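One chain, chain A, appears in both complexes that follow, with chain B as partner in the first and chain C in the second.
Take a look at the complex of A and B:
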């Protein structure tokens, strides 16, 4: 069975690995933990080179042609031209300044999809030695340290050692889009009291000790699908065939 | 007066413990004021009768009559008072910037800021104003941020309405119904971490008639910080979540960095001026015991509210709260701002300065500038002399020379602040001990002076003195004997030796009120 799955994984893409089963993780940061099961996930973040190839094949996603409904004005704004990242940025670094719509279109073009937040959290819970390192102080401290620092210029992928599942750079490089980024507790920021993310809350939203997870939840909640941010990239996932 | 004297004396008496940062305590190690001078009469602005401001129900003062862009300032500066007497629509734009900045010498920290500095921009509006607040989150930010202003009437104080991803901006509008001094802060999860990284500032909502006029206004905001490394450990120091949860602060700071209000950065004012401090406390955890060494707050708008307390030494500033204090400056010198939860001042950085220039007012405060560090070092270096004298006395081998050496060290720590390092005193204020006819006429009389103090008119070397010397009865018999032996053998005095037994006899023959130091 395992060998069979492995073959499928390799057949699907040499750059993906199988994740799961693993520890239960919070779904959208909600109070209920879920078992994610198995899925495939890209080993690496999508690079600028990868995304330039996609834009070449799908010119409607060039920054000068993409519809304002799907991208904001900062979409791919750091590229030298509408077609290519140019010389001034590292082409091997993760692509950022992409909207959720664009990321989704990219994955779809590869026969993939964006990971769900629960899938992403499951993959990201692992250290190099443990499936679930969320209670490991040094693991958590390293993540929080990155969250706390102002962003440095992006560098190439492969910055961090692959974790136990074989995935790289889940922490310490960029934030990542997930399929259900805005299904968290704050949906309508213009009405009501802002829900559980703001003052005096947290206990019902997630494990209050899981500050790193809480911060990702807060970050995702601030997004809208057409936003393009300099610190936000993505990678793709895929179902494991039954 | 007696109370003040005892207080000064108590502080002077702890000379042996004064080893850390003593220069900062210059103002409190001073001498007692002369008896002849009572406190000068101040003429504070009339804070008005205690009244009910009406709260938010009275806050709306009609629709805006004009529109203006708010002047925003970085600490310690404060925007100018509002002179218009009609409601306005005030536009406020604040940019959130995440930046690595020094928190102490050679130590950097990743601050999250409202406007590039900690604390955030000072906002000044008038009660009844309609405030249009735009929050921009810089594209280089890693985090979403928002703002919750305690001056806002409405759920979340603006937090949900201003929740902003990096590279985006949000806007909301509120009417400032309640007058007062309010904290604002970021309320994005995890709230504690955003606040701990410096995301707070003050918004003043002036009463419709304005605040009483003062000469200078400053913005001082305290915050506690939690780093992985120890206090002053060099290099970049990341935020330590566990220490924050345990409320075990590494730094407690005014205006976001050690030294932000020290030396060249000190607040500056002049004698005769009235100074107002808008004091905030961002927390995230600690309540401040805000105090200015050497000054008394003439007025405190307690907790930044409407009613005025007067003549306050230390005022509590809650985390997420504020106070407005003012005081008139009579005496030049350096005044030290501290959180009087005092280890925070000496071991965690909660220290600032107000440097006051102008003419001396000897009638109010007669002490001259004291080089306390010099005294402390000298006292420390000669502590051995005191110990040797004490041992020799126990062994019955005490010599006059040993007494003189021990007395020299004690004099530096206890007496020289007033009588001078060379015993010359200060003409008209502190009598000289050098070549003193008063002393030499009856050296044993001096035992009583040390034990009981001396007040009233005396004549020394032809000069008239009418002052108060507080009792030094906290000194033990050995110490007084050594001190006096040193004095009578110094600076041209007639010599001799005072024994511990003489002091003991005199002390036992002196009745004292219950509870008084013997």
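Take a look at the complex of A and C:
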């Protein structure tokens, strides 16, 4: 049984690469940059085909059966049916319209987990030539240019060249879920939270020079775990075995 | 590893509503070290909040706020309502430390339960409740404070997120949850 599951996991598992050590990055938008260490990250975003295989194996994550506790009503709403993405969309394109719970369940089923925000930021700080390109004007401009553009229809991955770590599409395709998205505290963040008490300082202190990073922090802080959004996908990570 | 076992969801499927927090089957332990799941609180209305025992300011305020809600309830309803506080600091808030907190804050064991789980399950619950938190300086945890009211089958029926807002509507929701008969699909 275990061997069988292992074979399934390997078959469904996209290639992973080792990330790190690399530049210190802001942890959860916190005031102190941290060293992340080494970890494994999927080269590619999870595709609709990948997710359809998961849904086939775990029918409770089909859109017609998933619990309202874990997904909102937009969950996989662009699929032709509860089982498959259908003909009208590119099946190799990244899956979107998935909640944090669904993304987490997918990664767990592969023996993986979602990356933390710090891990994701470390991987995403790299350009094709530098581990830390956050001060590289053309690198930053390309990211901000994408943030400013309206979403385009999603097509297959691999549209961007792999970065120095070997990871593709960290920028320019979709936003990505991270395990600790709800660690992001932006002062006076969510509407309706105006009077919420914060135990401790509360405010975020993302580096204002890293404007793209701040945009991502603000985006994460606007999310709720049940949200399924057309521009939000994910990839999985894994610990490096000691 | 993941919170949701398919088997458990299937087993619970006929009886719990789709949006019940009690569908989460992570393991918790209370201040006495007893292992339990959130569904253990099924059957009574529950005031549920997240906190951590070493919190210097907001958490004592949160606990005072829960006490204020309880004090505002008519005695019959007050007797029914349970309070569950789940720590955001599951590594340091051991059952022994939670028990000590119960004593130092005068929390009656019959009504109050202090819980901890593992870090992953803690993130799950925070995500479900919309609690945002982050490790801050010196072991502090920055977190948003809110009190969720769960009905007898674990649905969130009211949230007190703005602790400075008038108490009346939240108290009315608690009274309503306490007076509402147990769901026909309930225990």
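What we mean here is this: the second predicted complex is superposed on the first by the 209 of 242 C-alpha atoms of A that agree within 3 Å, B and C clash if a C-alpha of one lies under 4 Å from a C-alpha of the other, contacts with A are read in each partner's own complex, and residues count from 1 in each chain.
Following the convention adopted for this analysis, a residue touches a chain if its C-beta (ideal position, glycine included) is under 8 Å from a C-beta of that chain, and two chains touch if they have at least 3 such contacts.
None of these values were measured; they are calculated from a predicted model.
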*For A:148, select first, second, both or neither according to whether it touches chain B, chain C, the two together, or no partner.*
first
_One more residue to check, A:58. First (chain B), second (chain C), both or neither?_
second
*Could you tell me if A:41 is touching chain B, chain C, both of them or neither one (first, second, both, neither)?*
neither
*A:217 contacts which: chain B (first), chain C (second), both, neither?*
first
*asked:* Looking at A:69, would you say it contacts chain B, chain C, both, or neither? Reply first, second, both or neither.
replied: second
*Which partner does A:101 reach: the first (chain B), the second (chain C), both, or neither?*
second
_Looking at A:17 after the superposition, I want to know if it touches chain B, chain C, both of them or none. Which is it: first, second, both, neither?_
neither
*chain B versus chain C as contact partner of A:182, first or second or both or neither*: second
*chain B and chain C footprints on chain A, overlapping residues*: 189-190, 192-195, 197-199, 201-202, 221, 224
_Of all residues in chain A, those that touch chain B in their complex_ = 74, 137, 141, 144-145, 147-151, 175, 186, 189-195, 197-199, 201-202, 205, 211, 214-215, 217-219, 221-224, 227-231
*Residue numbers on chain B that touch chain A, as the complex places them*: 98-100, 110, 139-144, 146, 148, 155-157, 159-161, 163-168, 170, 187-191, 193, 197, 228, 238-239, 241-242
*chain C residues touching chain A - in the complex, by the definition given at the top*: 1-2, 4, 6, 9-10, 18-21, 23-24, 51-52, 55-59, 61-62, 123-124, 126-128, 130-137, 140-146, 161-165
*Complex interface listing, chain A residues touching chain C*: 28-31, 58, 60, 67-70, 100-101, 104-105, 108-109, 113, 179-180, 182-185, 189-190, 192-202, 221, 224-225
